[in-house]
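First subunit A sits with subunit B, and in the next complex the same chain sits with subunit C.
Presenting the complex of A and B:
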């Protein structure tokens, strides 16, 4: 079994689309299930390195360690949940191809061992995302897709600039070699490279001040696409960002800079959400806020905080998938995404879902988000970054304001219409909610996995 | 993940909560709400019996959100937002303290934490965070902004839980954290002085605010705040007798507020009115409710022969022993002023002329009486056997490492200054009361029987239907003429907190703009950012 299957299988399936025509949704599900099995089959054999050489710099190398395996499994599982959710609807060819491309590219992003391939998968993922944004086929969607494309191109330019300088100075594109020889480059070039990479990956990882474009894109795309963006795409870029940061052994000052950017991301996003009157935008701001928290935690370099960060990644992926899919039900029924839809529906099921999702994002026990939050805070307190602890706690309070306003709207005495949710959708969404509760009560096994992922990330570059 | 320990302290608090919950379960019959009540009681169990801070915090936050879902069923969004933001703020302050303790000591088990390892500066930060938690939950000035509206707008029975139990969570945390875990030698006395004075200021401010209220539930809410103020003040002394006095007052206050809130809930249930200006003269139709409320306010005012006197006695003697005369005077002043609102409570509702006819009254289910009788019986029993409270709190004192208090009989309560025999006082009261009753009822009543409530024409005046015949609600209005009371009544913390809200909202509106910039501008900003970074980096 080769690692390259994670990329080639979905791509191959996409090329063969004309052959299948019908049964696309089942084939897609079977494909992802087999990818998941494939991922599980590698569990005992880590770490694995595979290189397919052509000419010297242009080799394809894949590295599977516990961190990249963790993300591959996470992405495929989220995708399976996403596909299961819409198994009763017919699947268009576009969706089939785009979901396959998305999985292929994010797997490639986390698995690649050389920076040139990362660039290629970066581009594939971007193109997929542009088309996904435009799927709604209205004016808003197209203009959103174009905006996205422009931002993506800016990111690509900076990334390419960074990669070029690396290649000119080191003569290799393999991450291991770069990590080895990075300190030999003279310091001003080092800075140019780091800044270019920061901006290139930062735009995609949606960190302040490179994330101003994100919210408009979320508003332009459909909720289901947003679920994929929030749960899969942004997570892949964040992992990539910190994977490279830890590989290059960037010094403490820069990590401090990243943490500060995380704090500002968190603060600005949550404050902006406060006066927003559109649910899609509110959820987008909340995603940006959580990304800020992830930046704070991941840049701390502390084992415990990193463990919490990975726990948060899992939870946030599931929570946002659940929330966006629930929001989709509301938006389709009421034909609006303004927050007053929360005072117009009557469904205890949805209220409980939203309550679990919101409380978990806020880190309130006994839900899963609490475990992540306390692990992150304990890690930060352990390395005595008290101002980060304070920042997270205070800004979370701002987050609480708008989440509880939404919950309060669901309880208000107003004219309400019942919401139609099929039993099947209830089961899928309900099991996600139960999983969030489960993780809050029995976090040990996932915490252990996250811990090994954290040590694998911290050990990156030491191989 | 969770660890528990059954301690006398936790058992006292949990036992008292369970009694309150059970007596309210009897009244409430709606299943959705009972589920939330049960979650709330479970979370209280987590909190009171926790053996580590994570379990404590899980209980604490579950208490907050389960109450939220109960409150939000009745209250407006503005009030529930106020409630949840303040209480989550309290929770996050506690979480901050917890992670700081973890960062400094590496453990979160109560018995393993050693505060001598923590640097003094960090220690003070932790203490302040815990105090903020306690103050918000218990409604100490200036954090009481959320309390009154929440109490007023919640379900009438849930207000009883809020006042009797939830506000005591702060007191529990005080005793647990500062006495059981930290130990007295690691706390700066200046900090404790500030806390003591905050408690006193709270009780004075809340007492006068209470007197001026027209809404009955707001009056009770302010009275709760004031009573918690006494407890905080006495606990800040941090010795055995302070804990004893504090716990005694906690017990009394739980039953007093259970009785009073259920009594008011009954009145509101019967009449559908909740303002003093709309009520009066209910004693004629509901003498039992009147009598129960009388017991409640006697205990609330801290007068003999009921239990309320015992806890006030202990508070005063504790302050005297510590020679905190100024605190004592201030507390006595506030306690004496409390008579006014106690009297307003009974006069405004039950005495005087009825303000409206009794045709529209609903009949009261029997279950409303049970909760009140439970409260009344406990208060009377503690009045007869004052040292019963001492007997209950002694195991707690021992477990906290203090000397237990010695008492000879259950009838007698003693301190180093004075002692009294509760049974004897009660006997005298009962004898005098019965004698007076016999004398009064044997005097022939020569008053003219009136036909209806408006038939007071022998006064020389014929009132109309809309005329209010009862001036009970006016009690306390004249107090505004006294300078410092006017200052208390006309000032409020609300504008300051609302200012904070405005600032946050304004900055939100401003910041939000960056997320709707055009793509050209974003691109430009990124290039500028790149240049700045490059400039800083090369330097």
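Presenting the complex of A and C:
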């Protein structure tokens, strides 16, 4: 079995669209199930390097180590949950093709072993995201998509500039060779390359000061698309960002700079969420905040903190998928995304889902988020970055304020309408919530996996 | 008389200065223009500058383009580096796709709102 199947199968399957117009949802589910099986079949054979060569200098290489396998499995599982959620509705051709493109491009992003292929998959993922944003086809959707494209174009120009400077100075595009020879480049060129890559990847990884546009995109697109952005796309870019950072062995001072950017991202996002009156924007700010936490943890370089970060990535993907899909039910029923819809619905089920999601994101003990936060804080305390520990704890209080305000609105004594949720949707959403509780009670097996992923990321560039 | 102009170092200098000028034109245009069409055309200009620079820096006087045919089946030393050429060809295709997509978004946006100015895009934000 070849690694290239992760990219080619979804793209080839898209050509089935005109033939099986009525069965697209089943094809999509079967495709992702077989990709998941394919991913599982590689367990125990790691690491694998695969090179597809045309003529001697031109080749494509894919690398599968425990970190990339972890992300491929995570993305495909999230996608399967997403598809299962809407299996009872008919699937549009656009969604079928775009979900396939999304899975192909994010798999390519995490698997690629050379930096130019990363650029190609970066662009495929971007194009997919632009079209997903515009799917509603109204004023807001096109306005969001155009903003997204402006930022995406800036990102791709800077990324291309960085990749070209790397090739001009090193004469190779392979990540392993770049990791090997990067320290031999003179320091001013190094800084130029790092700035270009930081702007290129930073815009997409949604870190301060390059993330001011993200919330508008979330507001423009539908909640289901937001679920995909928040749980799959942003995670792929964050992994890529730190994969390359660890590959290039960047300086401790620069890692400290990334951690500070993480703190500012976290603080600015949570403070903006406090003043926001739109539920989509609040959830988007919360995603940005969690990305800030991930930046703090991943830039620490400590095994324990990284383990916590990967645990948080799994947990945040599932939590945000659940929260955005629940929000979708509310937004569709009331035709509004204003904050007051939380005081207009009557459904114990949804209140419990929101409570589990919010409390887990905050890191309240019996839930999964607690395990992730405590591992991150332990790791940061171990490397004596006490100010980062303090920052996370203090900013989490701000996070608590708006989460509890939302939960408070659900308990307010007002005129309420019942919410119609089908039993099937209840089962899917409920099982996600149960999984979050389960991860909080029995985190050991996932923690062990996250630990091996963390050591694989820390060992990147030492091949 | 023109021999000194036909040397690799001179050509590299000229290409560097020229492409940085084009890059500056593109980036300044993207930052200062208000019309959405002009913004995206500016991005296309900036990208073109990168293409010219990258291809130009790998050009050396006396070498030929790395094109394989039935008779020439291997890259040889009298050809320029084939990797940048392959890279830039791929990038041009991507750039065209992105530009076409952006222009189609702008047309659709204009049909719905009758607006083409980036400053007047106020559909998104708080209180809406």
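Here is the rule we go by: the second predicted complex is superposed on the first by the 459 of 463 C-alpha atoms of A that agree within 3 Å, B and C clash if a C-alpha of one lies under 4 Å from a C-alpha of the other, contacts with A are read in each partner's own complex, and residues count from 1 in each chain.
Rule of thumb we're sticking to: contacts are C-beta pairs under 8 Å (C-beta built on N, C-alpha and C of every residue); 3 or more make two chains touch, one makes a residue touch a chain.
Nothing here was measured: the structure is a model prediction, and the numbers come from that model.
Taken together in the superposed arrangement on subunit A, subunit B and subunit C fit without clashing. Once the two complexes are laid over each other on the shared chain, residue contacts for A:216 go to subunit B and to subunit C alike. Of the two partner chains, subunit B is the only one touched by A:396; subunit C is not.
Contact with both subunit B and subunit C is seen for A:147 once the two complexes are overlaid on the shared chain. In the superposition on chain A, A:276 makes contact with both subunit B and subunit C. Within the superposed three-chain arrangement, the count of touched residues of subunit A is higher for B, of the candidates subunit B and subunit C. Judged by the touch definition given at the top, the superposed model places A:120 against subunit C, while subunit B stays out of reach. Residue contacts after overlaying the shared chain place A:135 against neither subunit B nor subunit C. Residue contacts after overlaying the shared chain place A:173 against subunit C, while subunit B stays out of touching range.
With chain A used for the fit, subunit A forms the apex of an angle whose arms reach the C-alpha centres of subunit B and subunit C; rounded to a multiple of 10, it measures 140°. When the shared chain is aligned, subunit B comes close enough to touch A:364, but subunit C does not.
With chain A used as the common frame, the shortest Cα distance separating subunit B from subunit C works out to 6 Å. Within subunit A, the residues touched by subunit B in the first complex and by subunit C in the second are 147, 150, 154, 216, 276, 281. The touching residues of subunit A, counted against subunit B in their complex, run 147, 150-151, 154, 158, 188, 191-192, 194-196, 198-199, 203, 209-210, 212-216, 268, 271-276, 281, 285, 355, 359, 362, 364-366, 370, 373-374, 377-378, 380-382, 384, 386, 389-390, 393-394, 396-398, 400-401, 404-405, 407-409, 411-412, 441-444. If you check the complex, the residues on subunit B that touch subunit A are 1, 54, 57-58, 61-62, 64-65, 68-69, 72-73, 77, 80-81, 84-85, 88-89, 91-93, 95-96, 98-100, 102-104, 106, 125, 504-505, 507-509, 511-512, 514-517, 519, 522-523, 525-526, 529-530, 533-534, 537-538. The touching residues of subunit C, when paired with subunit A in their complex, are 30, 36, 39-40, 43, 46-47, 50, 53-54, 57, 68, 74-75, 81-84, 86-87, 90-91, 94, 97-98, 101-102, 105-106, 108-109, 112-113, 118, 121, 123-128.
Considering their complex, residues 55-58, 116, 119-120, 123, 126-127, 130-131, 134, 137-140, 142-147, 149-150, 152-154, 156-157, 160-161, 164, 167-168, 173, 216, 219-220, 276-278, 281 of subunit A touch subunit C.
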